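Both complexes below contain subunit A, partnered by subunit B and then by subunit C.
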Partner chain A sequence: MNKPLPQGINLEQFNGAIAEIIKIIGDEFVFTDDIKELRSYRDPYNTTRDEDFAPSAAVAPKTLEQIQQILAVVNQYKIPVWTISTGKNFAYGGAAPRKPGYIVLDLKRMNRIIEVNEKHGYAVVEPGVSYYDLYNYIQEKGYKLWIDCAAPAWGGIVGNTSDHGAGYTPYGDHLLMQCGMQVVLADGTVVETGVAGDSKASSLYKYGQGPWVDGLFTQSNFGVITRMGIWLMPEPPGYTPFMVTLPHEQDLELITDLAQPLKLNMVIPNAATTVDLLWEAAMSHTKAQYYTGKGPMPDSARKKLGADLGLGVWNFYAAVYGPPPIMKNNMDLIRDTFSKIPGAEFHYDDTRKGTPGWDYRVELMRGKPNMTEFSLLNWVGGGGHINFSPISAVDGKDSYRQFDMIRKRAHEFGFDYIGEFLVGWRDQHHIFMLMFDRMNAEEKKRAHDLFDVLIDDAANHGYGEYRTHLSFMDKIADSYGWNDSALLKTQHKIKDELDPNGILSPGKMGIWPKRMRDDS
Partner chain B sequence: MLTRRTFIKSTLAANIALAAPASLALTAIKNTQDEQALLIFADENSSNASLFSKQFSEAEAHISLDIGLHFDTFNAFCRENPNGWVSGITRDSDFFVLQQLASQHGYHTAYSATHTVSNNTLAHQVTSSAEKAPLLARALGNAGDKWPTWLADNLATLQNTTAADNTANSRTQSLSQAGDNHVLVSWLLIPSNSTQS
Partner chain C sequence: MKRPLITALIIAGTISLFGCEQTEPSKPIVVEKPTPIVSAPVVQTPKSTARAGRVTYELHCAGCHAAGLGHAATMKLKLARAEDMAVLVQRTDLTSAYISHIVRDGLLEMPPFRPTDINDEELESLAQYMIEQGKAYKQQDTNNE
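Moving on to the complex of A and B:
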């Protein structure tokens, strides 16, 4: 097998760069063997050819100084590096780079929890710290703080936050809870944001003086984040999770409109979810138990599945937190509101505990990491998936329009609609989990084609996606093309200024360095 | 050459005994002896997985559904046993997660196979080396409904020095109905620096 090399780099140059990086971090942390060492830097869920995202090497520095030295080397050779933290961004590309031949800059060895401040409710972590790591640390220390984790929770805090990930507690908007960061620019310059000279205030006050630049380093390739502050929620005196099952498809519109003022006014403080039947069922069951035919599951089978498992066509999860009188007050209001929906049923721990779908949501809404959501991958055999994730207002008509649009297309291409709406403060993320058999080439291609069409459909309805798989970053960047792509052109100007050799994650979210722009 | 006997006669290094709901739980059994350390995962909800795990130890420990609860066990095993093997019969999602974790410890997938039952037909799709894949697929087919026992008996023969990437299939009549999870995966993860054969 030929070694995938970066565009314009020959093997001699590549070997020269690798030899220099070995001098910096040691042979043990430079990985070049495609079979033994680099398989974990491929994307197991890609919908095209495996080699489309094959790195040439991976390097794992331990310190900021080592990153600076590595960047000096790759600047000299003009070899692109693709930065990852823990590399668990599955469904969006995992640890794999945007183009073959890049060197993966793997920061998982930078895994220090630098500080947890119980009084002020924050942590400062390096990129290799996973949600499990921080949770376990807080438990060991006995701090009365909650984290907010992604599902599944094996990913890293820095990586998820910088990719605009979301969780399920009241601190579910991860970037909103980010405060202060340290970044290494392509030329090795180290930048720290926040408040000058005061590490504590830097984790409490985002803006310092002048333009707030932290966002520039998220979903981008303008620098390498090496440290980040994240706010942590004080452990509340009480927690009441609940679920509302809804019997009809059209109830999606109602529940969204009824939830919107409750969310906006923080009666429901956490990131609520409206989850479809199949997502819920897939936690404990497989499709073949109810339907062995080809194509999407028919309504008759769906009805039986819902009845057997006591699930609604939609299932709304949320929680209230605080002293019991406040929780009671808010729950009364929530019950009154949602009881207006005919057939809506409330569920709590007493009736749902022990049900996998309920149990893992209850944990997530109180920031306890788990991996249960991976059970979805057993819905069909060979569980590959990529996520199509358009944003909308918390508005019933938008919810139903997106659901209807995606479901029709999914069925047209022979896939089930498996989705959830993550209801934020004012917006909602719609996650369509496009499941396919990753061992089936025809099915992978069909999934790819469906995703491609969905981007166009969404754009035609005025919806943009918040995050996407490597394969579709350029296309989605193009869908943000208002005013002759002024936004992307601005991003490119910044890229050219901060990274003139184009070494940092070329192509991330459609942002390419000048020398690769014409070929991208 | 490693044999099943060397695994079975080994002393039980540690039992993991965490209370767990019966449904969808995993069974993990850890055997260690002089030559080889072995960590076995089995989906407790699957009779085939239970049959497999029973071949290695009389002791069983129940660990709850969420594969995340196994991370500490898995990572500790890999750290403490640089030449250890990890094998199991699990749901595909659990295998995927363990496979990713294993790669961080320098492990590769020496063998994996999906096992499905449909209309009284048991199908195995084996991924292994070019030489071994068809042999293993045929052997599993010949073993009929006792295929988990055959796998346990022949665990040592499943290893490959590099990642498995060739597939072969076999089909056979089965008396059993479709299992709880329908698609089960059997697998073997070994360190890439393993020199045993």
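Moving on to the complex of A and C:
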């Protein structure tokens, strides 16, 4: 493979830019070797060719000033940089850039925990801080605070929050819990949001004055986030996680409709999950242990799997928190509600502890980072996976329709439906984990084609996705095309104003700078 | 300087490196200005000094490779290889070169780790730690027999 270079940049210019960046951050943190260094900046799990997302270099500044200086260099050369935080955005592209040849701006070395405030319950962190880092720090200091982490938890606060990620405690909507950020614009200007100056409320009040702009810097390419405030939940005096197993496919409708008022009224305070059988099973088993044929697992094997592992076709996880009397009141209400579903069974720590699927959910719902969910990659083996992630209402019929739409297509293309609904306050993130063997070219292509069709299906049904893989960012942006793509056009106007040379993450979520719009 | 800039995988012909006239750095477009002062005290400032092998292992490897249930790679290795191959820090067949290669390249389900996740020095310490752990486990196992 030839050395990937940014579009319109020759090797001489590239080396010129790299030489200048080396002067800023040192040779040790500039990576240009495609084989020894940059393979780790590609997306190992993509559905197309490795080289589609191969960077030309990666550079890892340590300070804000270094970022400003690097941006000055790439502005001069008009070389795109692709910003990553902890770089673990797997299923959506990992650390890889949208197009070959970009320079990855890797902020992993900016890993300071600037502040943890126990009294007011927040932390201020730099982009390189992972969930493990923050969790370990809080444990070490003995603060009575919980984090809310993604699963798997090697990702980081800034990256996950700015990609609109979610967790599983009552603080599961990460962007909702974000408060204040520091951003470097393409021209080097540093902007801080929230309450101005050294106010004690700078991590307590999100909106400052005037328009709240923080959201503009999430899932976007309008600036480089260099610091973020995130609210942390005080450790509650009690915690009772539970699971409800449901025997029938149609129970998805029932559990969703029954959970909806409990969620809306905060009887269930945390981000609950309705998880399908195969997702659960994959925490401890592989497909081949139950089915070695081609295509999706047949019903007979699914039934045996569910019976062997004591799992439902759907498995609903949630928790209650607080002093014991509050937990008891809420659990009574929850039990009464879900017991209306024929065949529904409640499960608790006393019988499920030691089961990987249960244990990792129990940890996640109290903000303890773990990697168990990566076991999904064992299901078919070969590790390839991308997530199709439409939003649905917390509504039974809507959930079932969405599930049925995806499942039918997945089976038609020869894949299992492996999915979960992450039940938020008023919405659900429906995650279809499309698993494939990344060493099998035919399977990769089939997975790619399936994903492509699913976007069309979802759009036809009126569903939009909340996040997506590099390969499909343009297509999904197009699916938000109401009123002659007024939304995307607005985003492009902002892009052109804030980043006239188009250097910051071109193509992120379908937003391209003017000079790259025609051939993107 | 740890290595020359790109020279081998070039797509053009003979091209000089950054010493040439055309790439004389022009003035940065960003005007020099004071950088905002960090308002809060820095409570944690780990320098980029190398972590000990054990720390790197626990931070980056144990989540998937530790002994017991709920660890994806341990589960996979047990099924694909054998029970006694499942836990990396209980094995004596791993070499430093092999560990380093897999960490940087990934393998099947495992993604590669970037040099900013684990730098070269840390990778060497990590490999040594894992190998030593494997030897110690084997020794203990032998003593227990």
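Just so we're on the same page, the second predicted complex is superposed on the first by the 518 of 520 C-alpha atoms of A that agree within 3 Å, B and C clash if a C-alpha of one lies under 4 Å from a C-alpha of the other, contacts with A are read in each partner's own complex, and residues count from 1 in each chain.
Following the convention adopted for this analysis, contacts are C-beta pairs under 8 Å (C-beta built on N, C-alpha and C of every residue); 3 or more make two chains touch, one makes a residue touch a chain.
This structure is a prediction, so every number in the text was calculated from the model and none was measured.
Chemist: State whether A:152 touches subunit B only (first), subunit C only (second), both chains, or neither.
Modeler: After superposing on A, A:152 lies in contact with both subunit B and subunit C.
Chemist: Counting only touches as set out at the top, which of subunit B and subunit C does A:408 meet: first, second, both, neither?
Modeler: neither
Chemist: Touching A:461, do we find subunit B (first), subunit C (second), both, or neither?
Modeler: neither
Chemist: Pick one for A:335: touches subunit B only (first), subunit C only (second), both, or neither.
Modeler: In the superposed model, A:335 contacts neither subunit B nor subunit C.
Chemist: Would you sort A:375 into first (subunit B), second (subunit C), both or neither based on which partner it touches?
Modeler: Both: A:375 reaches subunit B and subunit C.
Chemist: Per the overlay, which chain contacts more subunit A residues, subunit B or subunit C?
Modeler: C
Chemist: Report for A:76: first if it touches subunit B alone, second if subunit C alone, otherwise both or neither.
Modeler: So A:76 only meets subunit C here.
Chemist: Looking at the overlay, what does A:292 touch: subunit B (first), subunit C (second), both, or neither?
Modeler: A:292 contacts subunit B only, not subunit C.
Chemist: Of the two partner chains, subunit B (first) and subunit C (second), which one does A:489 touch, if any: first, second, both, or neither?
Modeler: In the superposed model, A:489 contacts neither subunit B nor subunit C.
Chemist: Considering only the touch criterion stated at the top, classify A:49 as touching first (subunit B), second (subunit C), both, or neither.
Modeler: In the superposition, A:49 touches no partner, neither subunit B nor subunit C.
Chemist: Can you list the residues of subunit A that meet both subunit B and subunit C?
Modeler: On subunit A, the overlap between the subunit B and subunit C contacts is residues 36-37, 39-40, 44, 108, 132, 152-154, 284, 286, 289, 354, 356, 359-360, 369-372, 374-375, 377-378, 381-383, 439.
Chemist: Considering only the defined contacts, which subunit A positions touch subunit B in the complex?
Modeler: 35-37, 39-40, 44, 88, 108, 132, 152-154, 284, 286, 288-289, 292, 354, 356, 359-360, 369-372, 374-378, 381-383, 439
Chemist: So in the complex, the part of subunit C that touches subunit A is made up of which residues?
Modeler: 1-3, 5-6, 9-12, 15-18, 20, 22-23, 25-26, 28-31, 33, 35-36, 38-46, 48, 59-60, 63-64, 69-73, 75-76, 79-80, 104-106, 108-117
Chemist: Under the definition above, what is the set of subunit A residues touching subunit C in their complex?
Modeler: It comes out as residues 1-3, 5, 10-16, 18-20, 27-29, 31-34, 36-37, 39-42, 44-45, 58, 60, 62, 64-65, 68-69, 71-73, 75-76, 87, 90, 94-95, 106, 108-109, 111-116, 124, 128, 130, 132-133, 137, 152-154, 182, 187-188, 190, 192, 197-198, 202, 283-284, 286, 289, 354-356, 359-360, 369-372, 374-375, 377-378, 381-383, 438-439.
Chemist: For subunit B, which residues count as touching subunit A in their complex?
Modeler: That would be residues 21, 23-24, 65-68, 71, 91-94, 96-97, 100, 103-104, 106, 108, 114, 116, 118, 125, 162-163, 167, 178, 181-183, 192 of subunit B.
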